[in-house]
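Presented sequentially are two complexes of chain A, the first with chain B as partner and the second with chain C.
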Partner chain A sequence: MFPDLIVKPLSLKELSKTLLSLPSDRKYLAGGTDLVVRANADIENSRYWIDISGLEELRYIKETAKSVLIGSQVKASELEDSRIIKKHLPTLLSALPHFASPSLRNMATLGGNCANASPSADLACALVSEEAYIALYLKGKKRKMLLKDFFLGLRKTALRKDELIWGFEIPKISHKGAYMKLALRSSFAISKIGIALSVRINQNKVEYLSIALVSVAPKIITAPKTCDFLKNKILSPEILDKAASIIQKEVNPITDIRSDGDYRRSMAGVLLKKAFKEVLK
Partner chain B sequence: MNKFSYIGKSVKRKDALLKVEGLSKYADDYVFEDMLYAAAVRSPKPRIKILNISDAKAKKISGYVTLVTHKDIGGVKQWPIVINDYPFLCADETKFEGETIALVVAKTLRAARKAAKLVEIKYKELPFLTDPLKSLEKKSLKIYGSDNIFSKFIIKKGNAKDAMKKADIAVKDEFSTNYQVHGYLETQCAIAVPEPGGLMTVHSSTQCPFYVHDAVAAVLGIGYNKVKIVQAVTGGGFGGKEDVPALVASHAAVCAVKTNRPVKLVYDRKEDFMSMSKRHPSWSSVSYGAKKDGKITSCIIKYVLDGGAYSTLSPIVLWRGAVHAAGPYKIDNILIEAYAVATNKAPSGAFRGFGQPQISFAQESLIDDLSEKLSIDPIDLRLKNIIGPGAKTATGQKIEASCGLKEALLAVRKNSDWNKKIKAKKFSGEKARGIGISAVYYGVGLGAKGKFLDRAGAYVNIFRDASVGINVGNTEMGQGALTVLSQIAAETLNAPYENIRVQEVDTSKVSDSGPTVASRTTLMSGNAIIEAAKPLRNRIFTMAKSMLLKKGAESSAIMNAYQGVFSMGGKKVSFKEVIAECWARRLKMGEQGWHIAPNTTFNDKDGQGDIYSVYSYNANIAEIEIDKETGVIKPIKMSCAYDVGKIVNPVLAEGQAEGGILQGMSWALYENLVYKNGKMLNPNFTDYVLANTNDKPEYDIIFIEKLYERGPYKAKGMGEVPLIGMAGAIANAVKNACGIRVKKIPILPEDVWLGLKNKRKAK
Partner chain C sequence: MKMKKNKFNKIFSLKCIVNGEKIERDIDSSLTLLGFLRNDLNLKGTKEGCGDGECGACMALVSGKAVNSCIMMAVQAHGKSVITIEGLKDKNKLHHIKKSFIDEGAVQCGFCTPGMIISAQALLKTKPKANIKDIKEALSGNICRCTGYEKIIGAVKKCAKG
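Now for the complex of A and B:
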């Protein structure tokens, strides 16, 4: 059901006033590409929505010496066009074309993709692989945590009542990235499984590695055992086969309307190898 | 008439600009003064006994007006369709999850939907059936009649069982196909507007206004002449706007009568998914027997369609499927048994191809398996067995001269470089390429089982300013009917194309012309327009000639008529001038036309007869690429040839072909509606996906124009043809690529992956 009222504050000051004036049955609205769909399907029933897409404070892509900073209200399509993203965040860049459709990318925000906490969130998965931190904001106070730890379970996050996602801080680590995904069709579909690979390979040796996966567990997961196995190894087909069999044990997929558990488990290994192939191109 | 003014030319679509500009008015765009909104209260379970309905809580919603139940129906309680088993509103028992029990009427759509959720139904759950094969079992629970069978057909020729035993080679297998959802642009919508004197006008999103007319008159219990159905611009039908809009409109009409106010009933996508018609899921067992030289001697088929909770169009969908089930081949011994069976799921109905695509997939898959066993190239095997002029079909009908199936097969074989590709090495790295063929024939129009509906009317009215207004009984739903029918009218009258306006259907303007289905609109309404235009043409051409003579043209010269200008011996006169003169002389400038399809026959005992007046033909070659690690199938190129008679508008015909190919491919590879224990799990476009433009293959479309003497400008019908054979061609390409025969639709990556895995294990 759609809300009775949508309020759109245009500054943080207005936001705090809005929070004081509204009953507690309320929710933040960013790009609306999840919330509106959920309301349409009657899964979302909050009576008041606070549209935070007008908060210019949350709409930035910046860099410091050590980090890339992205505001939560940055649209996916703005990321696609960003020189900073292109330079420093290859995994996120690789995930963007797999994310929804061009028209939805014009609406959807990075913050919304994380707040929705879907186990199949492509951009959030890429950010976890990029070892991003998430900055949260409530009543003038900010706190920061690893994005990986922000996801607590199926549609569950560390967000407190009325807390909103301020933005993301991603350390600049020299690496290459790939995002591989299987879905119900070749584009504009939710993942059956997806894998984000951030890796630095020097003379065929794995120097740095971070892996995240979607749709193989109730939340986005990383693959620490696979990473441990591959780190400092010289890549070979045998090593990658071994890594593939390890990652197949690290995932915990289910059978649902989108795919089959055994298939997903097997594909975790296949996509890992495909992702390495991609970055080695 | 050797040089056509408009026939065979890609003139601009009549409705293109309005649609591009977003100005077309779809049903939900209409608003009337004092209009109320209705929302359905739906069955929460697959089968329940209703004990009590209470609106005590719903009443508290601001804007609530009333609750409408079966008790408010003034006319008949059962929806008149083929078999009248579907109640307009159920009284005590629902038969599928999502069935309408009652309607809430409120001042806003939001209030109506909110209140509908608050209507409390007290019920007892009843046992239910979800598997049609279980429904057929003798000891099964009975939910329809004494055997759960809505309809049954037998097609019998020669002695199929005996011939199968005597065959040198026999193949047999079982196949199944899943639902397909129409995915039309706008959900079901109707607005019922009551008028003084007990009149009712309904604006409906529909492809069959006369079905809506039947239902609304019946549910209200009033005369047809008090009911008027006006078709709103309809964004795609594919069969989904065939029968069910009548149900939606009837509900709106009952609400309008009860409140005496205009009432709009518009579905959201979820309820549209859950309660509206879909392509029937199917199960089939198919076998073919052949001689060593490849001559097919026998075909035995058992074909079962999952009809869902009510019969709706199942009997006639089944009939079309059954009569075409053996494929477009000359086979002397045939035994086809076909059943449409009840289950407690949403009623299945019409969908482009109407029972043919499911069985075409099965039999064309098996024809390929037969060719493998015989070691005969799949196209050679088909060429050896296909029907051609003079040959007889499964029902014993002799094929007439307009048959281009052989030419279609030869054309796609050449264009696709088949001979090289069929034998090529399949794997390179992770990818394997495959190529597959299918052959299709399609009886145009309603055929013997729908012959009493197979007529169409037209009214052609030439105004004094030489503009032309035309009313027909078949609808535009995106396929281009307004354009093609305008071309036919302009050609016949020698009027400029721009002068023609074909109007959306209004049931008060033209006699019942049957449904807009079965690829019959160009044929039926086209011929009706020609019949109406003929006497007008005589008057206009006679007048033009006398005017040209008056201008000094030589009387021995031949008069030419081209694109709105008459010329003779160097003199010219325009259509506009001729019409002005006709009006000045008080000639009759409006005429009715009425076209009836040639007679057809069908013997219920053995399924023999001349069942359709003419057939269209098609051959498809699908090229695909498989990722052997993921099982993902990528469509590469579709080479498809069609004999649909004369092509009236090449660009629109190509559009029909591309749309049909993509829709067929989408059904074959992506669309997967999931039911579990009678509950639909993915009633949305997030988890029920259709192919999109990124999945689009390269199209290679070929038209073989075998002229049909009784068609308008020798055209046949096209709309459904391109979809029917896609799944078979794709399944054969998958087999060719990786050796895996997937016997179900959709063919998902998971199926191919599992097949390859099992094959590796077996080695």
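Now for the complex of A and C:
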């Protein structure tokens, strides 16, 4: 159901005024690529939407000595064009072409992709692999947590009533990245399974590793056992085979309209090896 | 629980530029951009296919970028420039991408054509020397159920330099 009313604050001051006077049956609208579709399907029924796409405070990509900072209202296509993203966040960069279609990338925001908390959110998965923190904002106060802990379950997040995603802080860690995805077609499709690999390999030894996966559990998951096994190991086909069998035990996929649970489990191992192959190119 | 008094008005005063023309209109705030273009401005070239941002028939350029106007709310175009298929012109001549679609026989039923041309325009503005891979990627959000795509891709390639 479409809302009765959409309010468009153009500053944080206007936003706080809006929150004081608008009835509580309300939801934030960012890029709209999930919310509007859900309203069309009558899954989303909030009577009031607050369009936050006009809040310039939430549109930035910048860097400090230790981190990359991205505002929640930055659109996927703006990430593709960013010099800072290209330089420091290879896993996120690798995930971008896999995310929706070019026109949806012109609309969808990074904050929206996380707020929607779909277990198949490509960009959120890449960010989890990049060990991102998420900054949340409510009534002038900010709090920060690991993005991995922000997702609580299927479409469930740590967001409190009226809390807003302010942005992301991603530590600068020297690494390479790959995002691998299996879907019904090569472009513009929701994944059967996807894996985000952030890794630094020195003389064939795994020095740093972070893995996140989509569509294999009710939420985006990491693979701590696989990471523990691979860290400080010298890469070989045998080691990667063993890692593949470990990651297959770490995932918990279901059978649904897009794929079969056993197939997904099996592909977790295959994609892990493919992702390593990609970064070693 | 007593509801707080709602002082908000359902009407939104939308200001934007559509096909080069300044528009100031009081609209229902819960209107999609597609609904605004087709019903308020009578620009019927932009089509509604799936209504879910999947098929690309509703493609329009907002701030020069292709968007699915069926899932964009009109309020989100506030302060921005919108170009629809009607606004694509080469001075007083038929727009070169439109001409190429006609010359190459890239149109059958024609329902997807405006969206295809808008996506092609967005691509060629940023990548004038687009290759076949670029074209396929740029049109990946546009679905055609008649042509099998070959002629559409050919028509866009003909407009790419080099």
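The criterion applied here is as follows: the second predicted complex is superposed on the first by the 281 of 281 C-alpha atoms of A that agree within 3 Å, B and C clash if a C-alpha of one lies under 4 Å from a C-alpha of the other, contacts with A are read in each partner's own complex, and residues count from 1 in each chain.
Here is the rule we go by: a contact is a pair of C-beta atoms (placed from the backbone, for glycine too) under 8 Å apart; a residue touches a chain by one contact, two chains touch by 3 or more.
This one's a predicted model, so the numbers in the text were calculated from it and none came from an experiment.
S.K.: Return the chain, chain B or chain C, that is in touch with more residues of chain A.
M.R.: Per-residue touch count on chain A favours C.
S.K.: Can A:40 be said to touch chain B (first), chain C (second), both, or neither?
M.R.: Touch status of A:40: both partners.
S.K.: Could you look at A:5 and tell me whether it touches chain B, chain C, both or neither (first, second, both, neither)?
M.R.: second
S.K.: Which partner does A:203 reach: the first (chain B), the second (chain C), both, or neither?
M.R.: A:203 contacts neither chain B nor chain C.
S.K.: Have a look at where A:259 lands relative to chain B and chain C in the superposition and call it first, second, both or neither.
M.R.: A:259 sits against chain B, while chain C stays out of touch.
S.K.: Figure out whether A:107 sits in contact with chain B (first) or chain C (second), or with both, or with neither.
M.R.: In the superposition, A:107 touches chain C alone.
S.K.: Quick check on the superposed pair: does A:267 touch chain B, chain C, both, or neither? Answer first, second, both or neither.
M.R.: Touch status of A:267: first partner only.
S.K.: Quick one: is A:77 in contact with chain B, with chain C, with both, or with neither? Answer first, second, both or neither.
M.R.: second
S.K.: Quick check on the superposed pair: does A:21 touch chain B, chain C, both, or neither? Answer first, second, both or neither.
M.R.: Touch partner of A:21: chain C, not chain B.
S.K.: Have a look at where A:184 lands relative to chain B and chain C in the superposition and call it first, second, both or neither.
M.R.: Touch status of A:184: first partner only.
S.K.: What is the shared patch of chain A, the residues that chain B and chain C both contact?
M.R.: 2, 37, 40-41, 187-188
S.K.: Can you name the residues of chain B that touch chain A in the complex?
M.R.: 110, 113-114, 268-270, 629-632, 634, 670, 672, 674, 681-682, 684, 686-687, 689, 691-692, 694-695, 749-750, 753-754
S.K.: Mind listing the chain A positions that touch chain C in their complex?
M.R.: Its residues touching chain C are 2-8, 21-23, 29, 32-33, 36-37, 40-41, 49, 51, 53-54, 77, 97, 100-104, 106-107, 187-188.
S.K.: Within the complex, which stretch of chain A touches chain B?
M.R.: Its residues touching chain B are 1-2, 37, 40-42, 182, 184-190, 257-260, 263, 266-267, 270-271, 274.
S.K.: Report the residues of chain C in contact with chain A in the complex, numbered from low to high.
M.R.: Touching chain A from chain C are residues 3-8, 10, 12, 29-30, 32, 51-53, 56, 59, 62, 65-68, 71-73, 75-76, 78-79, 119, 122-123, 136-138, 140-141.
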